[in-house]
Structure formats: structure tokens, C-alpha cells
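Look for chain A in each of the two complexes below; its partner is chain B in the first and chain C in the second.
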Partner chain A sequence: MDDLRTAIRDYVVREYLEEGDPRTIEAETPLISGGIVDSFSMVSLKRFLEKTYKIRIPDEQASPDAFDTVSRIAELVERIRKDTPVPAP
Partner chain B sequence: MATATDAAAQARADWSAIERELGCRSGGPINIGWHCSDRICEQGLAAKPALLWEDAQGARRSYTFDDLRVHSNTFARLLLGLGLRPGERVCIFMDRVPALYFSFLGVLKMGGIAQPLFSAFGEDSLKVRLADAGTVAVLTQRKHAGKVRRIRAVLPELKHVVVVDAGTTPLVEGETPFDLDSAPRVERFDVFPSLAETPSVLHYTSGTTGPPKGAQHVHSSLLAQYYTTKLVLGLRPDDVYWCNADPGWVTGTSYGIIGPWSNGITQAVLDAGFGAERWYGFLARRRVTVWYSAPTAIRLLMREGGDLVRRFDLSALRHLASVGEPLNPEAVVWSQEVFGRPFHDTFWQTETGAIVIANLPGMKIRPGSMGKPVPGVTAAVVDPATFAPLEERGRVGLIALRPGWPSMMRGYWQNPEAYAKKFRGGWYLCGDKATIDADGYYWFVGRDDDVINTGGHLVGPFEVESALLEHPAVAESAAVAKPDRVNMEVVKAFVALKPGFAPGDDLELEIMNHVRKRLSPLAMPQEIEFVASLPKTRSGKIMRRVLRAQEWGEPVGDLSTMMDE
Partner chain C sequence: MFSAGVRERYQQDLRGIEEAGLLKRERLIESPQGADICVEFPPGAPVKRVINLCSNNYLGLSSHPEVVAAAREGLDARGYGMSSVRFICGTQDIHHRLEERLTTFLGTEDTLLFPSCMDANAGVFEALLGEADVMIADRLVHASIVDGMRLCRAQPDTFKHSDMGHLEEKLQEHQDKRARVVITDGVFSMDGDVAKLDEMVALAERYDAMVFVDDSHATGFIGRTGRGTHEHRGVVGRIDVITTTLGKALGGASGGCVSGRRELVEMCRQRARPYLFSNTVPPVIVAGALKVLDLIGSTTERRDKLEENTRYWRRGLTELGFDLKEGESPIVPVMLYNAKLAQDVARDLYAEGIYVVGFFFPVVAKGLARIRTQLSAAHERHHLDAGLEAFARVGAKYGILGKGRKEIVETYGA
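So, the complex of A and B:
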């Protein structure tokens, strides 16, 4: 797992798994459909990504499908970062 | 022209006949646990599949009605063995695992009061509900046991915590490990001879003021749940039925346990979160014929598009129904297009125990309408001041029900004052506003209070505000409903900070996560607006209605009592 995926995975484990929850999170573990992050909590995960990576995720792209695995979330972040112009110094 | 449902026409449900159909005699024993398992076996259906279960990891289990009978006996025996007595509250705090379903029936069989709670509840939500109910035992899973441990010290009445999947993992002292697979099968159990008015289920629901209240139901609720399952959901003996509601909420027990199993219907259960592909795959694989879902889920499916649906063979589907919040006309039209049949909206609430207004199978649907009162229920839209049924069609009033159907709650747990406030002019007031059209169809308008209906779940602003105030940065707060295209409403919080704290993204996320963990994901504000101060009356009460009107673009109304800044 690269740094981006590791950071997202660590955040999900820290924020959404209860202490004692035996499940492990890998890059392809279903998060929303797997019942680890419910659709209401997606908003806090989206806020975390926007804040940490200085991006704006359009609501229409923040679907349960796009947030279903660490890999898909990372791909979304990478795509938006690529499309976001770097502010002039 | 009377807008109240004609009482004579609506009294067509003959509850005595339904009682006889269920094999009960007036004044004799009636036990939901027995009716959902032993009775079905006695009808020669012991080997029929009762539960087709799957989870997110792909595990699959199948249980017959005889398994249901034996496993619920096992839980009943376990609880009696722990020393529990009839009438004591037993909380079921689990995901949708098979043990949840068996233990629910087991609690009822031993005469206990089943108190199911949503497993995503945080410790504050859990604590308030367990303390109020004086809960004596909690049945839970390893992954949720931590929340119970953190609050157990402040719950003196909580004597037992049973962990149903403990395996070999060491538990904390005072917890009881239990493993259904290795427990001895209890073939025979003397079911508690509960009567019609014996308490059965306690479901907590939120109001505008104060903590959540426990709507207390009785065993004779079975009559309405059994009857409406057949009539409104149209279930037949050969159906495979899926209700995707969690039994932590009333839909998940009335129509995810009691209604279908008392009818001897095979249920499919998916213990997983939302996922369009996963859900369609489940419907196809299990050959589901009747699906009871919710507007929020339907709108999420709509977002994924119709092409995905067509990749699955959903030809077994015969009837679709929905509950939770009003089903928007677009969703009805969409389901007709992609499933070849519309979702039928139904209306009811925790307190009513069973569906009271619905689009019945075969009825002409008016997309966006709640339908008409179910036979056996006398309903009206009444004037908010006089509580007289409104004569003028299309005029907005309060949805009111004439008490008397079997599944009506019998009280709020230890809160007779709150219960009494629900009745005016001989009507039970649902707390919702609606109109009735010229043909008798009901049309939902909105809530009559500050309760937030998000994704079909009611969130009390008081609970959210209390949790917000526990955050060290928050000086004062108000929680209101904000419109949302998927969840109908979401929680929005207005927060004034204490000196020394500054608004910002970090603090916003921190406060959101604070509420999510303390209460639940659905109570988490989806937006926080930091404000210098909140609008208040001259007596210092926060005026939520002003903030709510601002969110909905509505007139703020009379501001004469508002404190000058």
C-alpha cells in the first residue's frame, strides 16, 4: 500500500472500527457495502479527505460505490488532485 | 363530505377473526415467540426455510422453522438460567446476525421484554436507553461489547452481558460467553403463557424535547403485524421476502421478524451495508419475490443508474414496498421503469407498531401519496387547534388515528405524561402533517415538531445538542433538519464556540466525529455552521424554528418573542 492508501486505511481503522472489532482493513475491503462505514458516516470521511488533501469532492462523485474501498477512495482523490490546478505561488 | 375515514368502512378488519386464524382464543395465551416458530412447526412447516442469511464477507447460512424453534428455546433457557424473570428488559445489541433473530424470539418465549437497539449506536445513545429501561441483560457481539463495557459502571440494574460470539477470546469479568453452535439444543421449552396485554417489545423513539422514549408494545400486537404483512405486503406462502431494515428499529422487528414468521414466510437477510451491486446480487441470488425497503435506499440505488439493475435477473420480484419517509414520485416512476413495478409507499411509526396508511397491492398508486388508511384503522387529518377532522379536501392538518388497533403502543416506558400528550380529542396524533385529496389519498406534508427524519430514522434535536455540548469547544448549539436529496433530511448543527476556540475544518470534523461516536452516524451533523450566537426568546430558549426556516427557505414567522441582540 502506498502512502495515500495507508493514510486512508489508518484513518478508517482509527475512526470507524470499534476497539475489539476483529476485522482487518485491506485496500479492497468493502467499507460501505461491508458495513464498516455506513452511508451517513461517508460525510465525515469526505471531510477528512478534503481537509487533508486540500481538495473539494463534488457531492455527485461522493457515492457509496466510489467510497466502497480504500483503493477506490484513493483513486478518487488522485483523480481530483490531478484535475485541480495548483494555485499560483 | 367527511374527511375522516369512514369508521364503519375501516372497521372491516375483524380482529376477533384474525385472533382465531392465529389459533388464539379471547383471554387465552398469546406469545409472539411461540407463534413465529413452534406454531409454524405444528402446522407441518418445520423443515421449511425460515432464514436465508448472508453477510458482507460472503458467509451463508440457512435455518428452518424448526431451527428457529430450537435456537429460540436455547436463548430462552439461557436467560432463565441466568436468573432473568418475566417482565425484565433484555437488550439485543447486535448486527443482523442469526443470533439476533433467535434471541429476539427467545426473550419473548421466556416472558422477557425484548429491547432491540441499533448496533451503530454510540455509548451515549446506548446508556440513555438502557438506563431508562432499567435493562437487566444485554446480548451483544464482541465487536460491540466495548461500548457496553464503557458504560456498565453507571448502569446498576444491568446484571448480565452475554457475548454471543465470544469464541475463545477472553472476556471482561462479569461477562457471559455464549456460542449457539456448541450450546446444547433445547428441544422442549415451556413458553411463558403471556396474554394479550403482556409487554413484549420496547423500541425507543426520539421526540423534540427530552431524551428518547420507550414505546412499549404487547403480545397482541401480533394480530396487526400478522394481518398487515398479508394484506399490505401481500405475502404468500411460497414467497421469499427481504426487509432490509435493521431490527434495531421497529420496521426490522414488526416486518423483519414478527409479521413474516408468524405467517410462515421464508425471509432472506443480508447483514451488510448499502451497495447497489451487492443488493441486486442478493435479490437475484435469493430469488426474492417481495422486497420491503426505504426511500433513502431507493434514492441511492437511483444514483447508481438503471443499467446496473439490468445486469441482474430480478424476474422473481412480484411486489415492492417502502417505509421510512415519504417516497418521492420520481422514485415510484423509476422503479416502474427499472423493476417493471412501482414501490408501494406505506406509513406508520414506532408507536403504531404496524402499518396504518398504505398503498395496498393492486391499488392505483398516485406517485408521492402515502395511500389510504389500512382496513381496521380509523384515520383522519385533523385541525391542529380543535382536533376536529378537516372537512375541506387538500387542507393541511395533523394525521390522527382513532386508538384501538392491536399494535398501538400501550405507553411510553415510565413516562405517562409524554404518552398522554400524544392524545387529543380522542385521537392519537402521529406528529406528522398531511392533506387528503378528493379520492381519500393521504399526502405527507412534514413533521409537526422539530424531530429530524433522516433516512427514515427520527433523530431528536435534544440528544444531538446534548452531545454537542459535551464537546469542550462548544458553548451552545442547535440541531435542525436540513433538506437532503437522498435522506430527505439530515442533521445540521449551529454551534457557538467558547472563548479560545476558533472555527475551522479541523474543529468541524472533530465535532462531527464526536457526535457520531457518542450517538450514532445518523445523528452526526452533516454540516456545522459556526455562529457568534443563536437566536433566542427573551426567556433564553433557543429558537430552532428560525434556524430551520432559514435552511428550508421558509418564512421565519412571528419574531416578537425573539431576544434583541
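So, the complex of A and C:
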């Protein structure tokens, strides 16, 4: 896992798993369809990504499908970062 | 038009629900609600008298003769229906009287009746909060709260179940919002545990947040005089909004309310859509509920008996070797973890004359299937002893007595 995926995975573990939860989160672990993150609690994940990576995720792209695995979330972040112009220094 | 193709689509969806083992079937009860009920299940089967261990009839008042008589008098004195919403021509003197009585009972400033607590929860957030605000809810709150939050433009957030450290992080994170509301159930309906309202109120006061509690599974019996979770945790007068129901301990018919700070209740009167656009609570229910408040206001006998029944039942099941969720409320979940096992055990208990229901995903988390037993002040010792004997036989049949999560999951799967 690269840095981006590790950071997302760590946030998911910290935010959504209870202490002592035996489940492990891998890059392809289904988060929403697997019942780890409910669609309602997904909002905090979206906010974390926007704040940490200084991006804006349009609501229509923050779908349960796009947020279902660490890999897909990372791809979404990468895509949005690529499309966002970097301000001049 | 409802074409053959459209019909086929719905039939397919229903088959999908059935194949997933999630189809809900109603059981016909051919008697009043109580500790003993007559049930026809499956439809067409002979009617069977069984012990009810899964109703919200916590105080045993659903068919209480004095409540029924008061309802009948109310029917005669104020009629059957009002054919109106509250603010047009649907408010009688008895509606106001009941609101005042609930305010006194709950120790709040004001109360507004709703057709149900589901409606109260559906309307309250949208009426009170806007885009600049945040709602921070426990992750196990009731579905009606989730629906109410979805209808509101304030930002939603959640904290891990009963985790005060996580709640504090969220309160810190949202200090930039105009208003913060911490949202919880008083007693959680599936687990039966009691919210840490004292700690929650302390955090809310520290971080300038309001506190909202749905006390539907507590009003009438939790706390020394049955006022609810806020009494149990010693924070009466410090909860900003309480929603609760008349549909459980308080007679069990229907109806709910928003109770709390005067201005918040008044905002609901002005803006809560289920209050504005749905019929008034029928006079017959209001009359019955007034009698319920008379009964539980004059003595704590019923809630004391319920507490004693809960202790006896919990001790009995523990001694038999069942794996229970810890808790102090009359909701006692027997953990079975596997969805099919929960359904099989419930079916066999029914054959033994005990009416309980298995709960599994999506009602509870995956791998945490259970039978939720619920005690009532209507239960006598013989009901509970018969229940324990049946549980002992069925538990032995499935080899789960004395077994914990790991062993049950090893045998039956998660």
C-alpha cells in the first residue's frame, strides 16, 4: 500500500472499527457493502479526505460505490487532485 | 399503468428479499396485548396460546382495565376522530392537558404531541436546525432519527456507539458550526444498554452543544420514578430535547411527542412537518394516556416489578449458560451471532409456547444475530419460569449453553 492508501486505511480503522474488532482492512475490503461503514457515517470520511488532501469531492462523486474500498477511494482522490489546478507559488 | 412488466419487476424484488431470508411475515394475534396472547402462525394454523416475551408493553398497561375504561370514556366524551391537523381544528382541551402532564412528568419546559415518535423524530431536526449547524449522532440511534437527520440540511456526523472520547473529538472538530446537537437514544432498542447521558451532558456543556435524547425505550420505567434515562443518570432539566412515545410503556397505542426547551418545542409547533400536515392524536388515545400518567404517577410499583422481573430473567438465562448483552434495561438480547440459528431458535421456542423473534442483519450488524427478549410488568413469575424452561430445552438442543461468541461462530458460522 502506498502512503495515500495507508492514510485512508488508517483513518477507516480509527474512525469506524470499535476497539477489539477482529476485522482487518485491506485495500480491497468492501467497506460499505461489507457493513463496516454505513452510508450515513460516510460523511466523516468525505470530510477527512477534503481536509487532508485539500480537495472538494462533488456530492455526485461521493457515491457508496466510489467509497466502497480503500483502493477506490484513493483512485477518486487521485483523479480529483489531477483535475484540480495547482495554484501558482 | 401497472403493466405486466412492472408487476414482474416487483415480484422479482420480493423474491430477492425472500431468497435472502429477509422477508418479514406478520403473525396474527387474536387477543389483547399482554403476557399471554393467542397467536395464529403461520396463517391458517390453529390459534395457540403463548407467552409474549417480545413486546414493548413494559409496564403491562396496553390492556389495563383502567386504561381501557378511560379510553372508552374519552371516546364517549370527545368522539372518535378530529378530522383535522392540530392547528386548524384538531386541538382539544385534553390534548393540551396531556402535553402539560408530559412536561411535568419528564421535567421539561414544554411538550408537543405528534402522531408517533417516528413522526417526532422525522420532523424535529428540520424544524430546529439549518445548514450552518451540525448533528452528531451515536452510530446505533434508531432508524427514525436517521430518517429525520436525512430530511434536515444541517451537516450530519456520527460517533462510535457510547464512545465519549470519540464524541469529544467530534465536538472539538465542529466548534466552527453555529450550533451543535448531540443525538442519542436513551436506551438502545437492539442492545438494551443505557446511554451515558451524564457524561454526554458534561461534554455538551463544555463544548456548547445541545443534547437530544429519544427515550422511547425508557419513558415510564427507567430511573427511580420512571421519568426516563435522564432521571437514571441524574440530569433531569439538562436535556434540551426529549422525544418519546405513547406506543410502548405508556399504554402502547400510538402517539409521540417532542418535549424540552420552550423555544425548541415552539419551533416544532411552527415548523415540524409531521405535526403540521398529519392528523391530531385521536381523543381516545389522549384519554387513555392521561390515565396511564395517573397510574404511574401515583406509585412506582409497576416499574419496580419490571426491574425485579428483569433481574430474575437475566439471572436465569445467565445461569443456564446463555450469552447475553450486558445491560440494565428490560431489553435482554440473547446473542446467537448466526442469522439462521437465531431464526431456528425462535421457531423452536414458539413450538414450546414462547413468542420471541430473531433479529439479524440489516436490523443489527452482520454476525451479531440475536433474540431480543423484553420483560414486562405484566409477567408473573410463572411466565418467566416457563420461559426459562423452554430456553433451557432449546438451548440444549442446539448445544449453545455455556458457549460464547467464538464457539457458537465455530459451530454455526458468523
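What we mean here is this: the second predicted complex is superposed on the first by the 89 of 89 C-alpha atoms of A that agree within 3 Å, B and C clash if a C-alpha of one lies under 4 Å from a C-alpha of the other, contacts with A are read in each partner's own complex, and residues count from 1 in each chain.
Definition applied: a contact is a pair of C-beta atoms (placed from the backbone, for glycine too) under 8 Å apart; a residue touches a chain by one contact, two chains touch by 3 or more.
Predicted model, so just to flag it, every value in this text is computed and none were measured.
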(Q) Looking only at contacts as defined up top, I'd like to know whether chain B or chain C touches more of chain A. (A) B
Q: Look at A:18 in the shared chain and tell me whether it touches chain B only, chain C only, both, or neither; answer first, second, both or neither.
A: both
Q.
With both complexes overlaid on chain A, does A:2 touch chain B (first), chain C (second), both or neither?
A. neither
Q: Check the residue A:83 against both partner chains and state whether it touches chain B (first), chain C (second), both, or neither.
A: neither
(Q) Which partner chains sit in contact with A:43 here, chain B, chain C, both or neither? Use first/second/both/neither. (A) both
Q.
On chain A, which stretch or stretches are contacted by chain B in one complex as well as by chain C in the other?
A. 18, 34-35, 38, 40-41, 43-44, 47
Q: Quick one: which bits of chain B touch chain A in the complex? Just the residue numbers, please.
A: 56-57, 95, 120, 142-147, 271-278, 296, 300, 303-304, 454-455, 487, 505-506, 508-509, 512-513, 516, 521-522, 524, 526
Q. Hey, which residues of chain C end up touching chain A in the complex?
A. 139, 146, 149-150, 155-158, 160-161, 163, 361, 365-366
Q | Residues of chain A defined as touching chain B within the complex | A | 15, 18-23, 30-41, 43-44, 47-48, 50-51, 63-65, 68
Q | Residues of chain A touching chain C in the complex | A | 16, 18, 34-35, 38, 40-41, 43-44, 47
